[in-house]
Amino acid sequence: MLRRIAPPLVPVVIVLLIFVVAPMLWVFRTSFNELVDGAYMVDALTLKNYTRFLGNPWYLMNTLWFSIRIAVVTTAISVVCAYPVALYVARTHGLQRNILMTLIMAPLLIGLVTLVYGWIVIFRGGGLLNSLMIALHVYDEPVRYMWNIKGVVILLVYIGTPYIVLSLLDSIEKISPYLVEAARNVGASRWTAFWKIVFPLTMPGLYAGLVIVFSLNFAAFAVPLMVGDTSTQMIGLVIYREALLNNDLPFASALSVIMIAVNALILVGMAALFGRLILRKLESDR
Amino acid sequence: QDCALRVTTWGGSYQATYEMVAEKFEQEHNCEIQWVVGSSPDHLIKSRLGQVDVTTNTLLNSIAGEKEGLWMELDASKIPNMANLYDNAKYSPYTIFANVGDYVLAYNTDHIPDAPESWDALWNPDYKNHVLIYGFDHIPTLSLMVLKAEQGGGGVDEIEPGLKRMAELVNSGNLIGGLDVESQMVSLFQTEDAWLGMLATGRMKELLGKGVTNVKFTRPEEGTFPLITTINIPKTANDPAMAAAFVDYILSPEVQLAFATRNLYAPTVKNAPIPEDFEFGDLLVQNEAFGRLFLPDQEKITAHKAEWQQELNEMTKK
Amino acid sequence: MTRFDLGGMALRLFTALMMLFLIFPIGVTLIVSLNPREFLLPPTGITFEWFRAAWTSETFLRGMGVSLVLGVSASLIANALALPASMALVRNEFRGKGAVSLFIMSPMLIPTTIFSLALYIYFVRIGYGSGLLPLLVGHTIHVLPFAMRIQSASLHRFDPSLEEAARNVGAGRLRTLVSITLPTIRTGLVSSFALCFILSWNDFPISVFLAPPGWTPLPVELFSYIKFQYDAVAAALASSLIVLSAIAMVLIDRFAGLRRVMRG
Amino acid sequence: MSDHAIQVNGIQKLYGTVKAVDDVSFDVRQGEFTSLLGPSGCGKTTTLRMIAGFIDPSGGSIRINGREVTHLPPDKRDVGFVFQNYALWPHMTVAENVAFGLKLRRKKRAFIRNKIEEVLAVTGLTGYEDRLPKRLSGGQQQRVALARALALEPQLLLMDEPLSNLDRALRVSMRRELKQLQSRMKMTTLYVTHDQEEALSMSNRVVIMNGGRVEQIAEPYALYEAPASSFVADFVGITNFFEGTLVQCADGWDEVRLASGQVLKARAGEASAGKPGDVVRALIRPERIILLAEPEDGPNVLGGRVELSEYFGAVLRYTIRLDSGDVLRLEVHNFDRFLENGAPVQVRVPPEHLRVIPLDGRGRDAA
Amino acid sequence: MSDHAIQVNGIQKLYGTVKAVDDVSFDVRQGEFTSLLGPSGCGKTTTLRMIAGFIDPSGGSIRINGREVTHLPPDKRDVGFVFQNYALWPHMTVAENVAFGLKLRRKKRAFIRNKIEEVLAVTGLTGYEDRLPKRLSGGQQQRVALARALALEPQLLLMDEPLSNLDRALRVSMRRELKQLQSRMKMTTLYVTHDQEEALSMSNRVVIMNGGRVEQIAEPYALYEAPASSFVADFVGITNFFEGTLVQCADGWDEVRLASGQVLKARAGEASAGKPGDVVRALIRPERIILLAEPEDGPNVLGGRVELSEYFGAVLRYTIRLDSGDVLRLEVHNFDRFLENGAPVQVRVPPEHLRVIPLDGRGRDAA
């Protein structure tokens, strides 16, 4: 067994050992250092950075827990947005397929900063959406869609959706139409056939998409930085600020260690859940 | 030619000016300049790791670096132009100001016909949803907070009153937001979403350059907040002599004038007078405007801003 | 063949709405890039000035070139590393599989800011502070887990007898991989590559630290530019990119179509 | 309820320019067991799939129990279906595959449990409840596909080669089970098979298809004994053909002169094979030909040599090269000796089992 | 080169606790056509896949042409393989599927073109060159799988039910083609099939498997006429069993008393069936039993009633309920009348075709 699985895994593992584990060991070590005068770091062995985070409910609730919630919510919305699109795209071919794919990927091609400008035009106080809504008398006062939690959610969903479409496509395409026919034949409506056959069989792709988007959103910093406010302090943003703006590498490192641990726990949980539910059954083996 | 000098810069127009003036230096000293482009924080980090010969910096970074002992002393004998610096542009033996801009109060004359006299206008409930400030990582907003603390009987050591006032601002609903991307602020003035707010003089110039006529600026009586570009030479510089020569070159009148006319960063040397007919002369922090800069103790800001942000976040959490 | 269209019309409608949501800001970007007054709507006219500016900016063109090369190389390397690994993980059941899997996914767990900072510091310490290697490594590691995930998804339900059949007619491991496995999971690979490329193409934090002088990727150039001064040049650049990739897609499709025709 | 469980009327299916099914019509009466038989690629699967509603016909109409269903979705047809390629749901165990349709019908759990047990017993899969399909052998998978359809006790069951991967012993027992279920449940069955033994022994009627069209619809005995065309004759069982000219036809007996000059006497069919001088074809089944132990003279006796002998256990089939050069296949049963290849033999072609059919000028069956 | 093309020695395959293949040994001589026959799930596919190198045996060894290959990768074995589930490459057309292996062998383009043409002609697929597999019927796909293997003209060809989805006519012609190719190319063949007609008629030898083990290895005639166990007797062809006690054994003739009291005379086998008083089983094939036209008296004559008649075209099989209560199946060929269910009949069981085998105490074949 070892002889069969080792060779394909060794290159990746070595690359990761050299370029991830080694640098991250430094981060781990740094998390026990101390910042002097808010200016520079000295070697130390203190748990201060950890207690500063873990001992402060604001950090626990308004950054860590807040980030988890935002990541869960935005990932879920993205899935809802992406799934039908992926279903649709999966049955297109050739040119139509390519054009749809370009459009779906377009938001990611043009970069976040430029994108935000597009959204400003739509969502600003006097922007298109507010003008429309006010003209339609849905409400009379402009609603703020940006530089608050709404902006963060909208943008994360927007960016996350194409990733999920991408991860789903292959799984959907691989489903043999016979399997759906067989279900329809025993009396399943389109809807039931979808839920009981298609949906479970897309689990591998869905799982990939969930893991990817959840991790990206959980660690997001650019989005809350650009369109958030003081109440959207996601943990990625806090780490960014402490590490780069406030020079507090020890604290940022401790935050990172905590974040990695939490994220790993969540991923392990997801893997266990999905693995038990479905993935193992679908794995090809010889 | 194997001489190369690594100099940090911000991207965009700052780099453009740098690149323009650098050509002459490269020829004269037969030394190529490699631009290390990035945002302020990485300038410090790269300096720390010995990747840079001359650091174009923010004052906060310079101070942080000083505390770590990162910089070498600037030797006036190797940098003759230092002699022309205004006194307050020599921050320390390690740090000098390369140029100075400021953050002024911009307002839309259609909605606010008379120039506000004080930063307090930001809190005016009439402007609900139409006020812009920089994000809480940015020096103008931090400075405003210190200013408010002082007015409330505290100060940089007793920030509470300032924090309260800023939290009020956040919770008042006046703010469109505290923005990180400066150009968005310009755009929001352009679209008239923003009626009132802080703006760096450089951005003000851009706004006017776009043909906007109903936005004006004023320098409130409490003073404006400086936007200071500092210069340091890391101890680890490969060729300290060449680095010094470059710093000297930055302080030369032609470079000083270039940054003034192109980027609206006012000279820090006495021998670079701005031409009388310069269109945006009043945007430059010259003369009395320079005297009215509100420059709180930067070291203390450095030491405490993380705490302050944190407290403010807690005060404004939802 | 019956398809799984959950009520064809509803699906179509929803997709249309979603597509609208996805491309609206992009449409806005396009309008902005053609509007002499930037994003003051409604547009006051049409100008190609912003496009001209975008396409004559040496910085942007160079940045684009760098990003392209970087994105393609990093995606290729990452996918090449991930492929054998994901095959081994999907197709074998062994103790510690979960741990190995998580380990390979680990770069995804690390906040990018910290990772790029740590990697940068690491490279400087081991004496490789400058040069292209750190940038390439940074991007490759960044996208690697994503390649792993998509590929693993793609390999689930792969019918191993297709490979056996190839081995049986005398194809070696490599040939089987190239001629049978890869084409069969093509959609997955294309997805994986596209995803990796996009991630690299969009990356800011890693590039900021690891890009050596002269090799600044587009997002860094663009961000440095836009951060302080927004004009429609950025919008024009973005619009061009989308139009270009659309054209590329059409060409690829034509080309592939042509090949199919020639193959008879 | 209509007299007919299925009425297929002129259905068609085009794939681009490929006419997979071309104007096919047939009926299946209530409770009947009908087989679709035909060469590979002749359109059996396509026809079946149109009836089940998986494919939209390009033309024609389909009625089930008198109700027009041509464009009804598959879940509204209440028709059982066994897929040629199994189409087992890979994420469900054997039991789950079987239970799925029952759950959709909101059956009680106890009922479902019993039903699973029952159909798995019938298909010889007891003990495999919790296996995933990929962990089963080919034949086991096929049986799950069958069990899945049987569990629903459909009134109308369509099966696409449901036993093709089973060994004979199992196939025989499955056939028996199917027939029993069918008559117990009065289940109408349309059965695609390539196994004519199966088709002949199980069916009330057989529909022979060829190239997308129906060739003949008949009861098994009629099909075998009175095929409507050479194609059917050759496709259903083995047939020996002699070509020649009709020399006489009277008294219910025809005489055919072969190219070799020899004359064969044959029983005249119901329809006249033609008039003297016409080119005809005389047919006889291998099991009807008698291998003579002793040399013999007389009418319809032919000489030749053994060219090939094939042993099938109960049957021994000789391919004989006649002296005329023609090839003849004959089968013996209950034999105790084997003839060597090359051994000279004499055979008798009993006139009462030789049938004559007319030919058109180009050597094909006259229409 | 070794005398044996394949030597399989005690191979084993465990799936968890499932013993899919359990200590299987057999040899295939050069140029020989050997079939693997056995019930669904008995381990045929698994055995074949171990020989081809797709599965690592859990134990035992495999030699091909004398060379130990037990752990050699599949592409180093030079063995043709036809997959039970086809395993066609979905992204390649029919021609590309066939050409792939040839391209790997760096054949000239013209050669490849000719070869494709040739094997597609053999498999009746001419004209389908550019179809993708998913646009073919089941049988057509199966033929592509076969063509793909044949194109390489392997010295050793392993086939896993390669004809299971073909109609009889096509199967017969494909069998003929296969046999011709095999003898022309001196190709050694190991053939998995569930079709005993196929196994008996094509093979030099047949390996009967059951539950992961080998039951018997024999030539077709020996297998059918002298099965080593009741399992083989019943699995290969149909067999009637009578249980009883041996009352006498002398002169090459045994006598068996049935439970009903009747005594049947039988030919004694080579090995003794035992001594008087032993419990034995007497076997006879359905085609050996004679349906008497006229009532008759005498030894080995039994009376009963028709319970079921099955029509297979060339064969009519009656299931008869004997007066003793036993069930007897018999087959008639070349028949002209059908007996009604319930009709009284008399049959003779010819002693020379009745074989006696010993039983152990528990009613199973003695080892």
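Chains here go by letter, A, B, C, D and E, matching the order in which they are written, and residues are numbered from 1 within each.
The criterion applied here is as follows: a contact is a pair of C-beta atoms (placed from the backbone, for glycine too) under 8 Å apart; a residue touches a chain by one contact, two chains touch by 3 or more.
Note that this is a predicted model, so its numbers are computed, not measured.
Student: Between chain A and chain D, how many steps is the shortest route if every step has to go to a touching chain?
Tutor: Minimum number of steps from chain A to chain D: 1.
Student: In contact with chain B and with chain C at once: which chains are those? Just list them.
Tutor: Touching chain B and chain C alike, sorted by label: A.
Student: Quick check: more C-beta contact pairs in A-B or C-E?
Tutor: A-B
Student: With chain centres set to the mean of the C-alpha atoms, which chain is at the far end from chain E?
Tutor: B
Student: In angstrom, rounded to a whole number, how far apart do the mean CA points of chain A and chain B lie?
Tutor: Roughly 35 Å separates the two chain centres.
Student: Could you tell me the distance, in whole angstrom, between the mean C-alpha positions of chain B and chain D?
Tutor: Using C-alpha averages as centres, the distance is 91 Å.
Student: What's the distance between the Cα centroids of chain C and chain E, rounded to whole Å?
Tutor: The separation of the two C-alpha centroids amounts to 55 Å.
Student: Two or more other chains in contact with one residue: find those residues in chain A.
Tutor: 113, 117, 120, 181, 184, 190, 193, 197, 201, 243-244, 282, 284-286 - these are the residues of chain A that touch more than one other chain.
Student: Send over the residues of chain D in touch with two or more other chains.
Tutor: Only 53-54, 73-74, 85, 90 qualify.
Student: Could you say which residues in chain C touch two or more other chains, in rising order?
Tutor: If we look for residues of chain C contacting two or more partner chains, we find 1-2, 39, 117, 121, 157, 159, 164, 223, 226-227, 230.
Student: Which residues, counting only chain C, touch chain B once they are in their complex?
Tutor: Chain C reaches chain B through residues 38-40, 117, 120-121, 124, 129-130, 208-209, 213-214, 216, 220-221, 223-231.
Student: Which of the residues in chain C come into contact with chain A in the complex?
Tutor: These residues of chain C touch chain A: 1-7, 11-12, 14-15, 18-19, 21-26, 28-29, 32, 39, 41, 81-82, 84-85, 87-94, 98, 100-115, 117-119, 121-122, 137, 140-141, 144, 146, 149-150, 152-160, 164, 185, 187-188, 191, 194-195, 198, 201-202, 204-205, 218-219, 222-223, 226-227, 230, 234-235, 237-239, 241-242, 245-246, 249-250, 252-253, 257.
Student: Which stretch or stretches of chain A touch chain B in the complex?
Tutor: Those in contact with chain B are residues 36-40, 58, 62, 113, 116-117, 120, 124-126, 142, 144, 146-149, 225-226, 229-231, 233, 241-248, 251.
Student: Where on chain C does chain E make contact in their complex?
Tutor: The touching residues are 159, 161-162, 164-173, 175-176, 179-180, 183-184, 186, 264.
Student: Which residues of chain E touch chain C in the complex?
Tutor: Against chain C, the touching part of chain E is residues 49, 52-54, 73-75, 77-81, 83, 85, 87-91, 100-101, 104-105, 130, 148-149, 152.
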